[in-house]
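Note that the chains are named A, B, C and D in the order they appear, and that numbering of residues resets to 1 at the start of each chain.
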Amino acid sequence: MAGNLLGDPTERDLYVYLPPGYEDSDERYPTAYLLHYFGSSAQELVYPRADKERWSPPLQDVLDPVFTRLNTPPMIVVIPDGWTSYGCGQWVDSPVGGNFESYLLHDVVTHVDEHFRTIPQASSRGVFGFSSGGFGAWHVVSRHPEAFSALAMLSGDSYFDLTHKPMLYEYLDSIWPEAPKGPVEAIYMSQMIYALASCYSPNPDNPPYYVDLPMDFPSGEIKSEVWNQWLSFDPVVNWRDRFDNLRQLKGILLDVGARDDISLQWGHRLLSHYLGEAGIVHEASEHAGNHGSRSRERYQVSLQWLATVLERGGA
Amino acid sequence: MAGNLLGDPTERDLYVYLPPGYEDSDERYPTAYLLHYFGSSAQELVYPRADKERWSPPLQDVLDPVFTRLNTPPMIVVIPDGWTSYGCGQWVDSPVGGNFESYLLHDVVTHVDEHFRTIPQASSRGVFGFSSGGFGAWHVVSRHPEAFSALAMLSGDSYFDLTHKPMLYEYLDSIWPEAPKGPVEAIYMSQMIYALASCYSPNPDNPPYYVDLPMDFPSGEIKSEVWNQWLSFDPVVNWRDRFDNLRQLKGILLDVGARDDISLQWGHRLLSHYLGEAGIVHEASEHAGNHGSRSRERYQVSLQWLATVLERGGA
Amino acid sequence: MAGNLLGDPTERDLYVYLPPGYEDSDERYPTAYLLHYFGSSAQELVYPRADKERWSPPLQDVLDPVFTRLNTPPMIVVIPDGWTSYGCGQWVDSPVGGNFESYLLHDVVTHVDEHFRTIPQASSRGVFGFSSGGFGAWHVVSRHPEAFSALAMLSGDSYFDLTHKPMLYEYLDSIWPEAPKGPVEAIYMSQMIYALASCYSPNPDNPPYYVDLPMDFPSGEIKSEVWNQWLSFDPVVNWRDRFDNLRQLKGILLDVGARDDISLQWGHRLLSHYLGEAGIVHEASEHAGNHGSRSRERYQVSLQWLATVLERGGA
Amino acid sequence: MAGNLLGDPTERDLYVYLPPGYEDSDERYPTAYLLHYFGSSAQELVYPRADKERWSPPLQDVLDPVFTRLNTPPMIVVIPDGWTSYGCGQWVDSPVGGNFESYLLHDVVTHVDEHFRTIPQASSRGVFGFSSGGFGAWHVVSRHPEAFSALAMLSGDSYFDLTHKPMLYEYLDSIWPEAPKGPVEAIYMSQMIYALASCYSPNPDNPPYYVDLPMDFPSGEIKSEVWNQWLSFDPVVNWRDRFDNLRQLKGILLDVGARDDISLQWGHRLLSHYLGEAGIVHEASEHAGNHGSRSRERYQVSLQWLATVLERGGA
């Protein structure tokens, strides 16, 4: 994480959930990596703020029932931190936001395997997450089958032409007629656009924000070369280049709400369509919720699914 | 429950939650009665439907952490059923909707005390609930200090002049220019108004709906005598008549969201003001949520509070 | 207008619309007084601001078609100013906001009769207006049949128990947990409540805002004596005291949108119900609009109606 | 109009507004063609329905002030009909919806020139319209400088990639999980998509709806060849091919609300940017409104502008 241009901390929280029974056994366990979403952090995911209008339980209250009431075979759950001062590092490597992909792949996995009784092999490691965390699960696992063998993408960023392009203009509308001038706390869309740009089109030579925006101001014209950089991160685009990797995986789960607030159901449907046509085995499911309304339940569903996919009793 | 004019079932579900450790001890426990809200049932509260846009965990996942992670001293939690085909019996006695107050007081408490290791005395029994369930907690406990000694009213129906009177017109608007003709499934407000009327102004001699509505159609004129019947159930009104009862209680908790969708914060504030002026000890708290956004957390808070109020180790 | 405690200007704009043909004749005409609504002014009504999201035509473009395309017999239309720095004087006499009732009754009518070819008698004078202007039409005409003989109340303030009481709490909610401290430009409800209080419960001995509010802070308790002052201005209340006046009028038109944003349709319906029961002849109509969506059309309808009611060819 | 596959009437209303003074002179006048928007008709534009929540004045009340109060030099205003049973013919030629472009160009112009004292030359003819009517003004005039010399595009359909593509998915969402099966009255988006397809990608060989939709169901994949047909109608795309035509025009006005509900401000900005870069003289303005909130005023503004652009005193 050293050297990110945002000046964000290079030491990060890492939370590890040990399943019931861990202390009383010397068993080794599969490991599920849970990637958090945009605007959050590992700490916020584990201990959600209690002063908001809507309430989320501590993550423990979501995970405990998976392994008790629901009788899911035990796994270790790891919650790394991907927060940046722009909002999220999208779990990619960026000279601006930080190298979250490498951090996860090397630092986190290594640390976990060294300190806990994991089954230290790809076939026993999976990644799951919601929204940017779902995007991260796709991004990291589809590029690194040597490290992970399963991914659950929950309401993950995809089909940028439909879902992200309107955000560019929503951002401009939110500051119009002023020109873009960096992420501003009070303007959510400004944080979103600069965060995504810091990940998909970082430009260390372009101070003070170190990003290229994919649209011109005030004309609104799309800058094709920058937008194509973004699209190279889009699952509905990059699955082709990762075809060989995807075929090696033991499991791919795509899950989304049919009424996603930013229409991510269409990215999921399109990706599932492409994967299906290419003969890549995967599961695709939809629920009745919108973007965020069922994320906690979906963590439980993902863990139940990972338990059926990841190798157990190895090592 | 026999003889209700709605023809609703006279046998009801009764759920009893036994705290961790119950099976391994012969201890006796305080008992907390949890009353559900309008439009729901005991079953729905314990096992929420899983196909809705928003997700609620099974009640067990809400209660378990109270007694494990949060280290609250154990209590038995009882979840009786107050559903009616009009939407809710408001936990009062009505010749139309059913005698839910009596059912709770006699059938449920007796059954629970007989079959579980409760501490069978008022000082070890409390009632809590949200919305109509909070109203019910107020209604039953403020009338029966001989049976219960603590109540937690969470976002409870109150200050009908501000909160319920507009609903009468909202209902008329929803069917205008048609005249009222009973509860209709597709029109939520019709169910609400007829349900409340079946509890507060039932009229067995007025088929086919067996209620008096408190407003005239089409003039909208309030019928004073009917409206006064409703007001006699309003906590900001009836606390005076129950002053002696309220003084005997060991605890009163009033909790509400500062942005309640039907302005119940004002009923809570006004009730707290009156109680305070009358010297009735109580706790009043507010959170940042709206009507329903934090109900599960508030169940946890209520149980933590009841554990400090109810007598333990008695009998 | 001299001596108002808000320090608002004592000289006011007065607009007079002369119908097509006025210049080419020496005829005398009935006069229709058009009272503007809350938050506006005579100038704004005649020449609406052109920079708003929604556009309203200059008043001339509303009035001209009445007397040309629609062939309504010509009338003089007078637009007096009732603006105050709190938002509106509600066309009543107040030591705080100003004596708008007296100003209209004496200064304006006298001036108009002296300078224009009016028919200077009550039977040829009518008042109409929308929202606070509709309230003003009711207020002034129902108290002064010696000066006016017809009123058209369009979506007029009424049934304060249903429509205005919730506003008191909406105001408190908008500043909560701060205490009320006068009208603030950015908070619409603060202006509304202080404006109404400056008219209905002014208190010259209570600086710096010179009003009594009808609710306590923070309890929200209604102060009965102040609220009763407000109710004395409510058409659904004060019609009884003005029964003899109302019977003398040549015409009463009550018109409202069935989906009024603050439920004024119920004030209109209730008032019409009371008038009907008391045998006071009036016309009551409803349209498909909400509070403000058809106000310009309703001015046209009112003028067409006034033309059928007011005496012509007198003097 | 003969032979349209929707079976819509081949005889159409044609309204002609003659300016004040026409009858008393033998002057010849420039002619402004006003094209109506989607979901409307010539009749509805001239005589808007009076039973809607919001009210619009008869068109005469919008046009009269232009030539009286605002002193605009007189013009004839022609309102042709472009209604189809799918919602609108977009003023293009289609074997399915009808040949509205040809109808306007030949039938309407010829008829008007024959029956009214127009100046029968391109330099004295302009076209204006709002929304689909603004699109139509662009479409017809940019293709036919031999017939018209000025266009005012008010909030006109443009930048389909941003504004229309999301509609495809909004439509699918509105019927999901059912497959598309034609325009349905209750589902606005179904009418919109089939209407646009009947204009931009008609397919007489594809009964029963005779259109190709540009997206696949259920995958949501864009069909490139069909979408490219749509894009060929997009002003931000087709201006290049019409460069020589556009340079011949005497005036181009692009006007849009900065808060357009379907983001048409970005189509306008982008088009203006392209025209500016290409050296095509035009005027671009924005107002504070949203999509429909100022359309009547904009008709007035357009007529004032056309009066300065079109040749007068010709013939």
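Things to note:
Basically, contacts are C-beta pairs under 8 Å (C-beta built on N, C-alpha and C of every residue); 3 or more make two chains touch, one makes a residue touch a chain.
All of these numbers come straight from a predicted model, not from anything done at the bench.
Touching subunit C and subunit D together: no chain. Over half of the residue numbers at the subunit B-subunit C interface are used by both copies of the sequence.
Centre to centre, using the average C-alpha position, subunit B and subunit D are separated by 58 Å.
Subunit A and subunit D, compared by their mean Cα positions, are separated by 45 Å.
In subunit D, 259 are the positions where the chain touches two or more neighbouring chains simultaneously.
Chain contact topology: the protein chains form a single closed ring, every chain touching exactly two others.
The complete set of chain-chain contacts reads A-B, A-D, B-C, C-D. On the side of subunit B, the complex with subunit C involves touching residues 161-162, 165-166, 169, 173, 176, 218-221, 258-259, 263, 265-266, 269-270, 273.
Only residues 50-55, 57-58, 60-62, 64-65, 68-69, 257, 259, 288-290, 293-294, 296-297 of subunit D touch subunit C when the two sit together in their complex.
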